[in-house]
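Here come two complexes built around subunit A, the first alongside subunit B, the second alongside subunit C.
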Partner chain A sequence: MAKTVVIPSELDAAQRAENELLAEIAQYGYSEASQFAIKLAVEEALNNAIKHGNKFDDRRKVGLTFDISADRAIVTVRDEGGGFDPGHLPDPTSDENLEKPTGRGVMLMRAYMDEVSFNEKGNQVRLIKKNV
Partner chain B sequence: MQQELPRLNISSEGGVTIVELTDRKILDELSISQIGERLQGLVAKEKDPKFILDFSSVAHMSSSALGMLITLHKRVREKNGQLRLSGIQPPIYEVFAITRLNEIFQICQSKEEALTTLS
Partner chain C sequence: MAHLSAHPLVVEARRVGAGVVVHLAGAAEMAAAEGLRDRLEQLADQADRPIVLDLTDLEFLGSAALGALLSALARAGHDVGAIRLVHPQPFVMRVLETTRLTRLFPVYPTVDDALAD
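Showing the complex of A and B:
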């Protein structure tokens, strides 16, 4: 059954929400590699929601929804910002971007999760990881 | 809830500053900027900075940590210094490889190996 946690746009609140999700993941026997991947991707998604989506505006919330079962984890992160176009992000692994300090979050989500999808507005991301 | 300062073990050997990141989750978002500031402060004090950052205790990290390391790397390079990363566990190394940052940083298996590479 899906569970939703709503947090303010604060990084320590995100950490607590993330820990709640990870505690549930741990109950289902996900491999260490999968747990690492989920933690990484969810942290990126939450950080993006707070920093870029909500711009640390404490009037805006972030919703973390997770539906965990033995065979897959579905995590959705939603912010209250204006959204963005994930289809036109610069490639952080290109030579000209390699030494930029930012811009790797979405790439890492895509690398570590089996499915990553955004809503049309771009203020919600859905991450799926299969337990293999 | 007050955030504790991230713990760093700092030592030196033969003119090389060795910084051990001692918490498993030290490279989470809250700690990163604090660590970055402390490390940049250490670099700024050195005329000829030679640094080893040891990750043996680090089990998780985020892209913000990579950004902090890139900025640190640039500061060291601006002073014609040298930076080595050591003790990176395989899952963390994979993050460096996926982002191609293993091509930017000199990564050694251990602090001892890193010391041998620093002139």
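Showing the complex of A and C:
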């Protein structure tokens, strides 16, 4: 059964919600590599939602929904910002962008998860990791 | 499988010759990134070279913490080699390789190797 946690636009609150999710992941016997991947991708999604989506606005919330089973983990992160176009992001690994301190979150989600998809508005990301 | 450990980030710096060795232990999570950035920028401003980051006991590294390293590199004049990494664990190394940041932060097997180069 899916569980939803609604948090304020604060990194500490996001960290606590992330830890709640990871504790559930651990109960299903995911490998350490998969746990690391999920932690990384969820952290990137929450970080983006708070910083870029909600812009640290304390009137805006972030929704973290997770549905964990022995077969796969499905995680959704939604913010209350204006969204963005994930299809038009600069490549953070190109030489001209390599020294920029931001812009790696979506690339890391895609590198570490089996599926990454956004809603049309671009304010919600859905992450799937299979337990293999 | 145990819960992936996530100990709070601990940063300890010590001067060695003209440089500084910074031992990072625990998880460099998003909530710890700002403090890490401030600490590394402060060290970069003090012009100690090189800044050697001992990652032997670092369990997790996200993009917010990578941003902290890059901010410190900018403060060090974008000088590749001013910040050197030592012995990252395989999960952390994969993050560095996936982001291609090993091009900016050379990786060494030991602190002595990093200081001697």
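Everything that follows uses one rule, which is that the second predicted complex is superposed on the first by the 132 of 132 C-alpha atoms of A that agree within 3 Å, B and C clash if a C-alpha of one lies under 4 Å from a C-alpha of the other, contacts with A are read in each partner's own complex, and residues count from 1 in each chain.
Criterion: a residue touches a chain if its C-beta (ideal position, glycine included) is under 8 Å from a C-beta of that chain, and two chains touch if they have at least 3 such contacts.
Predicted model, so just to flag it, every value in this text is computed and none were measured.
Enquirer: In the superposed model on subunit A, is it clash or fit for subunit B and subunit C?
Expert: clash
Enquirer: One more residue to check, A:A26. First (subunit B), second (subunit C), both or neither?
Expert: A:A26 sits against subunit C, while subunit B stays out of touch.
Enquirer: For A:T102, decide between first (touching subunit B), second (touching subunit C), both and neither.
Expert: So A:T102 meets both subunit B and subunit C here.
Enquirer: Which of the two partners, first being subunit B and second being subunit C, lies in contact with A:V77: first, second, both, or neither?
Expert: In the superposition, A:V77 contacts neither subunit B nor subunit C.
Enquirer: Applying the document's definition of touch, where does A:E43 land relative to subunit B and subunit C: first, second, both, or neither?
Expert: both
Enquirer: Applying the touch criterion given at the start, work out whether A:A17 contacts subunit B, subunit C, both or neither, answering first, second, both or neither.
Expert: neither
Enquirer: Hey, is it subunit B or subunit C that touches more of subunit A?
Expert: Subunit A has more residues touched by C than by the other partner.
Enquirer: Determine where on subunit A the residues touched by subunit B overlap those touched by subunit C, and list them.
Expert: Subunit A residues touching both partners: 11-12, 14-15, 32-33, 36, 39-40, 43-44, 47, 92-93, 98-102, 104-105, 107-108, 111.
Enquirer: Residue numbers of subunit C touching subunit A in their complex, please.
Expert: My answer: residues 1-4, 6, 29-31, 60, 62-64, 66-68, 70-71, 73-74, 78, 91, 95, 98-101, 103-104.
Enquirer: Along subunit B, where are the residues that touch subunit A in the complex?
Expert: 1, 3, 28-30, 59-64, 66-68, 70-71, 73-74, 91, 95, 98-101, 103-104
Enquirer: Subunit B touches which residues of subunit A in the complex?
Expert: Where subunit A meets subunit B, its residues are 11-12, 14-15, 32-33, 36, 39-40, 43-44, 47, 92-93, 98-102, 104-105, 107-108, 111.
Enquirer: Note which residues of subunit A are touching subunit C in the complex, please.
Expert: 11-12, 14-15, 19, 22-23, 26, 29-33, 35-36, 39-40, 43-44, 46-47, 92-93, 98-102, 104-105, 107-108, 111
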